[in-house]
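In the two complexes below, chain A is the common chain; its partner is chain B in one and chain C in the other.
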Partner chain A sequence: MAIEDDVLVIGGGIAGLSSAIAAAETGARTRLITHKQSTLGNASGLVDVLGYAPDDDTPRADPYDAIAQLPAEHPYSKVGADAVREGLALFDDAVGDRYRGSHSAANALVPTHAGSVKPTARYPRSTAPGLVSDDRDMLLVGIDSVTGFDAPMAADHLSAVGVPFDVRGETVRFPKSFPQDADVTRYARALDRDESVDDGTVREVLADRVEAVLEDERRVGFPAMLGDSRHEAVRTELQDRLGVDVFEVPTGPPSLPGLRLEDALYDAAEDAGVRITSGNPIVDFDADGGRVQQVLMDRLGSEVAYEAQQYVLATGGPVGGGIESDRDVVEESIFGLPVEHPEDRYEWFDDDVWGDHAYTEFGVSVDDDLRPVAGEEVQFENLRAAGNVIGGYDFATEKSGCGVSLATGYVAGSEAGELT
Partner chain B sequence: MSEPSTIVIGGGATGVGIARDLAMRGVDVTLLEKGNLTHGTSGRMHGMLHSGGRYAVTDQHSAEDCMTENRILRDIASHCVEMTGGLFVQMPEDDDEYFQQKLEGCRECGIPVEVLSAEEVLEMEPYLSEDLERAIQVPDGAIDPFRLCVANAVSAENHGARIETHSEVTDLLVEDGEVVGVEVEHKSGAGSRVHGAAGETEEIYADHVVNAAGAWAGEIGAMADLDVEVIPAKGVMTIMNVRQVDMVINRCKPRGNADIIVPHETTAILGTTDEEVEDPEDFPEEKSEVDFLIEEMSKMAPILEDARTLRSYWGVRPLYEPPGTGTEETEQITRNYFVLDHDDRDDTPGLTTVVGGKFVTYRKMAEDCADHVCGRLGVDAECRTADEPLPGSEDGAILSDAMDRYGLRSPLARRNKQRLGSRYDDVLSGGDPNPVVCDCEGVTRAEIQDAIESAGTDLNSVRQQTRASMGTCQGGTCAHRLAAELHPEYDEEAARAALEELYQERWKGQRHALWGEQLDQATLNHALHASTMNRDRDPTDVSVDFESFDAGRAVADGGDSDGN
Partner chain C sequence: MSKQAESETFDPVDLFPDATDMDLRPGVDKCDKNGNCETVCPVAEVNEDFPGPKFQGPEQWRLTRKGDIEFDESVDKCLNCMRCDTACTNDVPLGQMHNVARANYVKNQKNHASREYLRNKMLANYGTLGKLGSMMPRISNAVFGLGATRWLNEKLLGFPSERSFPDFATQTFRGWWSDRGGDATSAERAREAREARGETGVDKKIAFFHGCYANYHQTEVAKSMVRLYESLGYEIVVPEQSCCGTPMFANGMLDDARGVAEENVDTFGSLVEDGYDLVATCTSCSMALRKEYPELFDIDGVEEVASHMFDAVEYLRVNEDLEAELAGADVDFPAMTYHAPCHGEVMGVEGIVTELFADVDGVELDDTGDVCCGLAGTYGWKDEKYDDSMEIGAEMFEAFEEAPGEVALTECPMCSAQIEHGTGYEVRHPMELLETALVES
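Right after this comes the complex of A and B.
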């Protein structure tokens, strides 16, 4: 006996979660199945919609203007700019006050942990005081035992970019020492718990050390490690003690802003009534007459069937596991959907690491309803794709990662829901 | 009277070995290398410490040299060597008679051998094919070429030598038919990697010049109109992301292509092919060579068929045979080496060329070459390189328990000790705090800083010394952290340029492994560097209209700030 729902979403990243929320909001009985932790732990937690149109050198302030210039096979071209707005509206609603940026249609520029600036559409509240269009002087603070963010170097780079304020970097010692290979999550936990140290607590002593190097800057940026579960309390306390705004600069994995975003979206999905099944992969499916009948989960070696009227495939790209490859072939992992790729493996890449690579756009092709196609032919009438499992765009280069996931997730989820 | 002076061209194993040897004999030495140390062939070998077993049937002279030097290197370079042991594995299709020849050949060359049954082999190496017949065990091992070359260079410097990397010899200075020096161009780059000013051309005179440029020796010879016929032969190597084997695995059949696996640190290296090329600097790196390697090696170790590879690279052997030998196949050319005196040979005094040979016999080559040069210079001093340990290997007992002293977790402490040998204390005592910079290989800040002291902004050299960025992520999660270690000693722009150079180099080899999990890794790296860091469209050279972007809600609303 299969487990039955109206809509079944496979994948627990931004695309899967937004699909599931959109489907549930149509009133459909919706289940989301997710295998492993999503790739959000690798992501910055920023919600990029479109930072650069093709061939742009300079970042775009208006993402919608650039959407019109994209080629026809781009997912944004399939769903249209209105779907992008709807996807963002779904996001704003889901995360509430945790994120900023909805007051303006313009992109924001945020400092990265490499000291460059990048355009993004939505940013965590903790990142907001760090925007580089804001002209208040800035102090960046690095922790000498945390190697992902070198504050003096990032400050020098921001100056080289020509930001409209003075920026300095200082390095301080964390009030507590950890093993050499401790993740930033260990530092965040010490701040969450405000653990005791010799001269007080972690938060107090950290604030004292920063105060000692603070001059007349009105805002102070830390690597994104200011707490996890009690993150707002940590940031607020540092802010109060220092008397200036405190912000986080997004860093690489493990990324606390990415993990916090994941938590927020799971909460929103549960609030929307989505049933969530996690921990095991979908490995196979049954189809009949061009319809997916059921998908099969591998649970400790035995197969469990899940059945629905409509399915959304949101398993991600190569990193998420939605796309797989060997020395000869690239294809989608569960349904074996075709992925367009050059026949010769040596044409999958360019010799320059920043060149125009084929592999960065690997993913399934879809029609305007986001149904995977082989050539022109729809593969399954009740299967839609959302997010990075869709090919034809390079989210990293154009800075569109979450935006495409939200727009296609919104469309795939709401259309699937409405058909049930 | 001032001491006699020499110039050594080439910073590979042979060049640094000669520099060390001559310097220890009291000769004034300047070594010139156009890239970083091991830039050429030495840095692109498979890391095998030969027992000589490989040459025991067809090239017994090389085999004996290998075994002798294998023993010496274990003594003088213990921190560069891992004595894994090696096997010559006979597969069902391999000839019994050849197996016997190999066994006898090894015995004739003084190589200790033992015959193992299939059961015994599979007990030790469970991932080998269950079809195998039997194997010969020999004392093969693994060796770190960069660590070894750096140790030689440091020792040479300690004995007064001048070591110049990133300095390309552009001409030989010839006066009255005699080589009297070189013209050298110092390349740009910050830090100690260049002693001369960047872009500067310098003429250096010496009593004798040694051409140890390996595959490039012919080009150096041509600068004095001398004919040195080096045959460059390329070979591909593929790096696996784990050690599928713990011993060096050779196929027991007449010498051929794709028949060695060398366990190396956290990886295993598959090798190799052997094909003559025109230009040692520029030759095709082909997909078919990688596929061939994986498919061939999978016959001996089936697990390799679908295993994750990290990257592939090609090395160029500087093969040499005396004119008129007429060997057809490059793999049949002797691995013996030759010291060519251009006075005797070409009536051009002042220059000696050393060609051919094996990485493992670099010290013996250096000794013979230094003997020859000292003869020419009238220096009467004994070679001491076989007895005096290299820096880092002086005292095996010094590898005491550092976990307590430096608060390192045990796997980190073990890896650090292996890499640093007896330099362990010196390097680690400087660092506090000493966080891990490269997670994959467990490389800490102190090690990186130590390498930067000698390598300056050359992060590829830092990488080779420490293994940072050589693990599974291929620099995706650590290349920028390595670059940050350069700052503030070097300015932000120099650090950024060094990052770009390292990141491009890491990409170069990964292209040859771009499927399966490494394609997933490349996709992740691309996301981290292009999306999270915006390194691909970093707006440093364009002007940005900052005011047109969102300046924050509270500011837009007319408030003071968007603090909370």
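Right after this comes the complex of A and C.
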């Protein structure tokens, strides 16, 4: 006997979560099924809408006016700029005051761990004092044993791009030592617990060491490791001790801001009444007359059926698990939806690791209602796609990852919900 | 006596088949060191000397392949909670790697004459201990409860004196089952229930894996399960069975685990062939048969057993229209707080109970959220681990304090022991709640 709901969302990343919230808000009984954690644990926790227009390497001040110039197959062109606004409104409601940026339609500029400047639409409260539009002088502090953030180098890079303030980088020792290669979670927890060390507690001694290198800068940036469960308390205490603003520079993986965002979205989905089933993948489906009848979950060897009137596919791209490739084919992994790709495998990747890889754009094609198509033909009338499983855009280059997920998630989820 | 009880002595000489014959290499290669597993490990959270799942799994594997490097003793500190296994987005088989590493360490590097080894061997073979205890339940309860015994246990064997041993039921579940008329009576009751439900001609039969705890201690859980399933028309058989092996995995005694796995696969495999599905009320038992057996042992029929093994709540959710059954139910049950066992999360069954009862009148059910209890089978029963165990549990204890419920609800007997120990709450099992809702009302 299948477990029944009105709307079934497959995939628990930002696209699946926003679809499920949007569907539940229409009053539909909604279930979200996800196999694993999403890619948010690898991402920065920033919510990019559109940082760069295609073939243009100046950062966009306003993401919306560039949407009109995007090619027709881009997901934003399918859903339109209003859907992007709705998707962000849904996000703002879901995360509340954990995030900043909703006061303006323009992109904010956030410093990255490599010392570049990234145009983004929403940013965690903990990164807010670091904005590049702010002209206060900045000190970046790296931790000698934490790889992935070289503060003096990041400061040099920021100066080189002409930021409107002075920026310096210093490296300090953390008050406690950890095994080599320890992940940032160790540091974050030591700060959470504020453990005793020689000369005081972890937070006190860290503040002392930073104070010793602080000159007259009015704000200090750390790699994103300032606490896990108690991160607001950690940051506030450091601010109080140093007498200046303290912010986090997004780092990862594992990315604490990304994981905090994932937690916040799960809480919001639960509050919206979404029923969540996690731990096992959907592997197959039954269809009849162009409609998906049910999907099948593999629970360690046997299959369990889940049934709904409307389905949203939000299983992510090649990284999230939604798009599979073997030697000869690339296809969507549950429904076997076609994915356009070059015949020649060698064209999937660029020789340069940082180059223009075709595979980052791999994904299913959709119509204006986000229903997957083969050629022009809608594959299933009650199946919509959202997020990185959709092709036709390159989120890493244009900086649009979470934005596309939110806009398409909003459209797929609310349309699915309204049809039930 | 079962085969296991006969052959079991506390003789540490073992016939360990080399557990490293499995090829874990492809799993190691899948790790891109993103560290997602580190963020969910409860031991890493409280114990900074613990190097964490990424090290325990892929990194240690690379190191030990390179040469004569020994397994790091820290693998003994892992709870076997499998949270890391669930978190890994790259499908690295962390649970399998930890089990193999721990077995290698315990077999080749641990002092087999130590007090700790003897204690672990006892814990690992709890099934035998439980069997002896339950033969004279009143005397065992009295003896285990004595202050002097506790002191001796701590000094001699390394059990924490803070904890008291779980009481033995005055009658085992198996005793109750056979007094009641065993499999034949069950078939009769189920047939009557099917007739009353208009389900004649339908085959509904399950084999019950009760494991140690529901047989010796929480017999009420097993009895509720029986009454509930029968009322829904299921014929139940309760075959002779061995411990599921969970405490053996956790103590690195993989040869013992293989022994019980072979027996269980043999018994339950033939029942599967006869059309039975397999059901357990303890999520660690079901996970052992469902995930650990096929990951670790190449036994004939192991995959079949694994794919037919269900958690008792999950099985009904999948096979019955429980929502319809519960519609209109008005249940008299105290306000509850549910705690999802880690092993339930690994199998993806953790949301079922709260979801089912969300709209049932008379039921108030909150959730502790995603936290580990810290007892983790035998872990918290070791004096050197007691403090870590309680520190891990602190977050769960707090969640219970904050939630409005007065009674705890969980599937796992070990979580329930920890909840009782840390909060003083009475603990019930979802089978008891479902029985109240569907059979009694």
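We take it that the second predicted complex is superposed on the first by the 413 of 420 C-alpha atoms of A that agree within 3 Å, B and C clash if a C-alpha of one lies under 4 Å from a C-alpha of the other, contacts with A are read in each partner's own complex, and residues count from 1 in each chain.
By our rule, a residue touches a chain if its C-beta (ideal position, glycine included) is under 8 Å from a C-beta of that chain, and two chains touch if they have at least 3 such contacts.
Remember, it's a predicted structure, so these values are computed and weren't measured experimentally.
> Is A:Gly301 contacted by the first partner chain B, the second partner chain C, both or neither?
Second partner only, chain C.
> On chain A, which partner touches more residues: chain B or chain C?
With both complexes superposed on chain A, more residues of chain A are touched by B.
> Would you sort A:Leu131 into first (chain B), second (chain C), both or neither based on which partner it touches?
Touch status of A:Leu131: first partner only.
> Looking at A:Arg275 after the superposition, I want to know if it touches chain B, chain C, both of them or none. Which is it: first, second, both, neither?
Only chain C; A:Arg275 stays clear of chain B.
> Touch check for A:Pro179: first (chain B), second (chain C), both, or neither?
both
> Where does A:Pro257 make contact in the superposed view: on chain B (first), on chain C (second), on both, or on neither?
neither
> Using the touch definition from the top, say if A:Ser116 reaches chain B (first), chain C (second), both or neither.
A:Ser116 contacts chain B only, not chain C.
> Could you tell me if A:Gly16 is touching chain B, chain C, both of them or neither one (first, second, both, neither)?
neither
> Who does A:Asn42 touch here: chain B (first), chain C (second), both, or neither?
both
> Which parts of chain A are touched by chain B and by chain C alike?
After superposing on chain A, chain A residues 42, 179, 182, 253 contact both chain B and chain C.
> Which residues of chain B touch chain A in the complex?
For chain B paired with chain A, touching residues are 287, 291, 294, 306, 407-409, 412, 433-437, 439, 442, 444-445, 477, 480-481, 484, 487-488, 491-493, 495-496, 503-504, 507-508, 511, 514-516, 519-520, 522-524, 526-540, 542-553, 555-557, 561-564.
> Quick check on the complex: what are the chain A residues that touch chain B?
42-44, 48, 51-52, 56-59, 61, 100-101, 103-104, 106-109, 112-119, 128-129, 131-134, 136, 144-148, 150, 152-153, 156-157, 160-164, 173, 177, 179-182, 218-219, 232, 235-236, 239, 245-246, 250-253, 255, 317-319, 324-327, 344-346, 348-349, 351-354, 357, 359-360, 395-397, 399, 401
> Spell out the part of chain A that touches chain C in their complex, as residue ranges.
Checking each residue of chain A against chain C gives 1, 3, 36-37, 39, 41-42, 176, 178-179, 182-186, 189-190, 228, 253-254, 259, 275-280, 299-302, 304, 321.
> Taking the complex as given, what residues does chain C use to touch chain A?
34-36, 38-39, 44-45, 48, 51-52, 54-55, 86-89, 290-291, 294, 303, 306-308, 317-321, 345-351, 355
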